[in-house]
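Shared chain: chain A. Partners: chain B in the first complex, chain C in the second.
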Partner chain A sequence: MNIAVVLRQVPDLIETLEIAGDGTCLDYGAARFIVNEWDNHALEQALLLKESRGGSVTVVALDFGEVDNTLYEASAKGADNIVKIPWDADQPPALRQAVALYAEVLRSIAAELILVGCQAHDELEGPLAPQLAFALKLPYVGVVRGVQPSDEPGSIRVFKEFPGAVVARMAVRLPALIGILAAEKAPRYVPVSRIRAAMKSTQIQEQEVSPPPTESLATVSRLYVPEAPQRAEMLEGSVEEVAERLYQILAEKGLVR
Partner chain B sequence: MIQAGTKAAEEGRTLTLLEEVLASPDGESVLGCMQCGVCSGSCPYGEVMKYPPRQIIQEAIAGRDADLISSPSVWMCVGCYTCAKRCPRGIDLTDVVWPALRDQALQRGIQPPTELRVAFQNLYLYGNLLGVSPRKRLDWAKDLDVTVRDLSRQPEPVEILWLVGCYPSYYPRNQVVSRAMARLLTAMGVRWGVLGKDEKSLGDCDRLFGEEGLFELLVENNHKLFRQYQFDKLVLTDPHGFRALQKFYPRYGVDIPAQHYTMYLAEKVDQLRPLLVRPIEATVTYHDNCCVGRRCECYEPPRELLRLIPGLKLVEMPRNREIALCCGGGGGGMWLDGHIVEHGGRRLSDERVLEAASTGAKILAVSCPFELSRFEDSIKVTGLEGKLVVRDIIELLAESMGLEERKKA
Partner chain C sequence: MSAQDILVLGETKQGAPSDITLELAACARQLAAQTGGQAVVVLLGPEGKQAAVHVVGADRVLVIDDDALASYMPEPYVAVLSHLLESGKPRALLAGSTSVGLDVAPLLAARLNVPIIGGCQKIEAADGTLKVTASFCAGKMLADLEVSATPAVLVVLPGSYRAAAEGAAPQVETIRSPVPLEPGPVRFEQMILPAVADVDITQQDVLVAVGRGIQQQENLALAEELAEVLGGAVCASRPIVDQGWLPLTRQVGKSGMTVKPKLYLALGISGAPEHLEGIKGANLIIAVNTDPKAPIFDVAQYGVQQDLLDFAPALIETLRASKSEAV
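Our next item is the complex of A and B:
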């Protein structure tokens, strides 16, 4: 099975995110980037499928953030082909732009199965995966936490998670695009020596694409840090004083007499 | 000089465990193994390992490494160096056999236990074990009442370049010790500086865990960094980092004078003595950490520092100096408690605090950042709360100098 995986860069939340001077977007220059967690699961799922039934894994990524490190790591883990899409802007594409860019490359790859993380923490206009499936005219199943090969030719089995810990097992006819919540196993650790070897040997194919649409679906008027509602009261003083105040509060709310 | 298996991986080759061991510095010594079993008998986890150290060498020499490589035993060594210290043939099991075994496991796609995997990933991405932003490296010094020379912001020559370490920089309990160290050095009149956001882990735990590629990356980064600054010597809070600088960095051409803080301060006793004015009337026992103690045979400097403190009575645990029991946190053990307990072991730190309490001591003195949290956790689970407290030697010295924790006015 030939599988394509989209790997996106997202701001790493170990750093405090800063808002740019115009107050409408993040200061991407001050951000650190990391592979989107759910896309990383999509890669792991693709590698597990390849190890189970053979085939190849092609990774597609936009040239943004720390993408080269992510791509070398993907190669060290076992990805066979790496495709990088040029992107010169200092912020990531809006949803419509991303859909156009990835769709053009994915059409040219013609993979039987496309795996994309079902979410990313910087998605402003909704998740990429279903929009991409729509653009590619492919069936889509999202919030999937496991993909397995099927004995029926030309199809796969997916495990879709619903609220309330309900899981549905579905047969999906290929080609299809699946939004991955989690792979069947945690994304693998690959030793740094393998990544360094990949840096020397990996051929990254840069694929030029048509300019994407410029207009966005949404316009940000103000981006700001959530404002604290000031509802918390810190109880201070001795144990007895705190206990007394606590009792008063509970009594005021009618919870104790 | 990098791990042979790592080098082979970078060249797209795979070695057997024996080939990798033999290609390591001092690796040929394993061929002298007479299977006496002293290593397995000495290992604190030997009795619960499917493959204790003696058998690992046997399997490697016999070329039967497939089952061994995938067994939980691979991840049960905590780098205490007891096996290596006691081997009558002088085989350096801790620094040669275990790293080779783990490198083989990693190269063949065996996944390390989850917590350790996360620690590796954190080091690779951020240069610290805790996965915290490098920009927060100096958070421990916020509102500190002494001047901290952050050389990453303003390079200037210093007498000592203090490598604070990951836990002392980020972990709240250890940050208290870092602040005490800053006040202590300042009170002694030492011209000291730190690397701030540029400081990275030295990588000893990763080397012991076979992640030699990661260790090599950290060595390269640190080498570039150290060359940018003027200092007489490096002083470290972390004994594992000290050990790495002393023994392994020179293999990569990085040979810089370095001391663990106990060694550095013990050379300054004449300067310290008049500053230690407040008595600490307490019975104290000292836990030898494995790197400064067993590995470097540096047993007296920490004790010398404790004896300087007026009023303090030092008593010894039954297992002290060369036979001291490890806290279980070395060589990546900090991230393996779950794995080790699951596979039949117990936390060595639990055993060690009971031993410390049996001496009648009220304070367990330590000199390794891992030991504070390990022993404090163990005190809670062994019912010793209120009976025994853990203090770093730095904290005790600072208290005797009247340099308690306080904020800038």
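Our next item is the complex of A and C:
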């Protein structure tokens, strides 16, 4: 099965996020980037499928943030082809523009299965995956925790997650685009030595795409850090002092004897 | 349906409207009062007939009674709702940020070429414009947005609105699907219920919850020990379950369990909205996190800004020492 995976860069939320001068978007220049965790699970799921049934995995990414590191790591993990879409702007594309960019490249790849993270934490205009599926005229199921080959030719089985640890098993006819919440196994670890080796051997194919006009249908008027109506009472001191204070609180509330 | 109406994509669970449906109904009613329209909850599938009578807060409930909608599949849902939006042209469609809403809402917006906003927490209508406050970057940022195009598709975070406690029973109308629903490329096969859990975290008085800050699977032993000393059980946020370190039955949040313990001790959990949704009923939340800006401190009563790997052993020791003294 030939599988395509979209890998996106997102700001690392462990770092402090800065707001750009106009107050309506993040200052991406000040951000540290990581791979979108749900896309990382999509890559893992693609590699698991390839290992069980053969085929190839093609990774598609926009040249934004620290994407080369992500792409070399994907190659070290087992991705067969790497396609990078040039992007010079300081900001990532608006969602509709991103859909058009990825769709054009994915059409040229003609994969039977496309796996994309079902969300990313910097999406204001809804998730990319279903909107990309619509642009490619492909069936879509998202919030999926695991994809398996099916005995039915030309189909896969997906496991869609619902609240309460309930999962719906669905059969999906290929070609299709699936929004991944989690792979069947945790994303694999690759040692730095293999990533370094991949940096020397990986051929990154750049595919120019004519950028479509930006046409967001919603306007951001302000971006800001939320002010909580209440904040926790912070317990200060050494770990031993705080542990003692917390014990007293729990005892006062009858939660420990 | 009129151009001032607010539509709600309703969801059902065991013959009753889900919590998010009642929250969206309340939101829709507030908005409809501003637009001069009605709040209309759409329930898809035969179960909707049973659930409709339990809807509170809406003006109308529209049940689409068709066996093709009995089990959720994206395509028939999108087909029916597209027809309703195109024919009725309401001001907005509200969907929950749920497994169903995250499929259907963006597919609808793409199909109809209309605006969509995710993570909505507050929505107001004024001067023909919808003003929306949306959560961004896992709750670390908020964005104010304006939408003029109609209909707008708004994906609302659970917990953003309070369901109406009571109200006049809405008018219920049941119709067959207004569009033909043929079998498509996605076919529902089976609903898989969780295996009998070793521990039912929904019934625990004390929960020690772990997040990314636990760093390694081996460190879970620390949480297990702390839970044992406190007389509780260990649960986790989604990334820990995604790593396969704990089963899905131990996951707290939007796609996991909703818990109501007397004590929820959150270790290394940042507090993404999806996780906070699952702990709204907790009596006492204590959070341990190295990041002073972590959103979990916005909902916790007490906070500890320390590395859980340093703090948990100290707390275990203190608790054990106090028990020894008590003997």
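Definition applied: the second predicted complex is superposed on the first by the 229 of 257 C-alpha atoms of A that agree within 3 Å, B and C clash if a C-alpha of one lies under 4 Å from a C-alpha of the other, contacts with A are read in each partner's own complex, and residues count from 1 in each chain.
Basically, a contact is a pair of C-beta atoms (placed from the backbone, for glycine too) under 8 Å apart; a residue touches a chain by one contact, two chains touch by 3 or more.
What you see is a predicted model, and the numbers here were worked out from it, not measured in a lab.
Asks: Have a look at where A:I14 lands relative to chain B and chain C in the superposition and call it first, second, both or neither.
Replies: both
Asks: Based on the superposed arrangement, let me know which partner A:G164 touches: chain B (first), chain C (second), both, or neither?
Replies: second
Asks: Which partner does A:A197 reach: the first (chain B), the second (chain C), both, or neither?
Replies: first
Asks: On chain A, which partner touches more residues: chain B or chain C?
Replies: Looking at chain B versus chain C, the one contacting more residues of chain A is C.
Asks: Quick check on the superposed pair: does A:A135 touch chain B, chain C, both, or neither? Answer first, second, both or neither.
Replies: A:A135 contacts chain C only, not chain B.
Asks: Per the contact definition in the header, classify A:V209: touching chain B only (first), chain C only (second), both, or neither.
Replies: A:V209: touches no partner chain.
Asks: Regarding the shared-chain residue A:A100, is it in contact with chain B (first), chain C (second), both, or neither?
Replies: After superposition on chain A, A:A100 lies in contact with neither partner.
Asks: Kindly classify A:I34 by the partners it touches after superposition: chain B alone (first), chain C alone (second), both, or neither?
Replies: Only chain B is touched by A:I34; chain C is not.
Asks: For A:A186 in the superposed arrangement: first (chain B), second (chain C), both or neither?
Replies: The answer is both, since A:A186 touches chain B and chain C.
Asks: Across the two complexes, find the residues of chain A that touch chain B and also touch chain C.
Replies: Residues 14, 16, 186 of chain A touch both chain B and chain C.
Asks: What does chain A use to touch chain C in their complex?
Replies: Where chain A meets chain C, its residues are 11, 13-14, 16-17, 19, 26, 37, 41, 99, 118-119, 121-127, 129-131, 133-135, 139-143, 145, 157, 159-173, 176, 179, 181-182, 185-186, 216-226, 228-235, 239-240, 242-244, 246-247, 249-251, 253, 255-257.
Asks: Can you name the residues of chain B that touch chain A in the complex?
Replies: 5-7, 9-12, 103, 106-107, 109, 111-112, 114, 117, 120-121, 124-126, 131-133, 135, 211-214, 216-217
Asks: Flag every residue of chain A that touches chain B in the complex, lowest number first.
Replies: Within the complex, chain A touches chain B at residues 12, 14-16, 32, 34, 186, 188-189, 191-197, 200-201.
Asks: Which residues of chain C touch chain A in their complex?
Replies: Those residues of chain C that touch chain A are 71-75, 98-99, 102-103, 105-107, 109-111, 114-119, 132, 134-147, 149, 152-153, 155, 184-194, 206, 230, 239, 241-244, 247-249, 251, 254-258, 262-263, 270, 272, 284-287, 291-293, 295, 297-306, 310-311, 314-315, 317-319, 322-323, 326.
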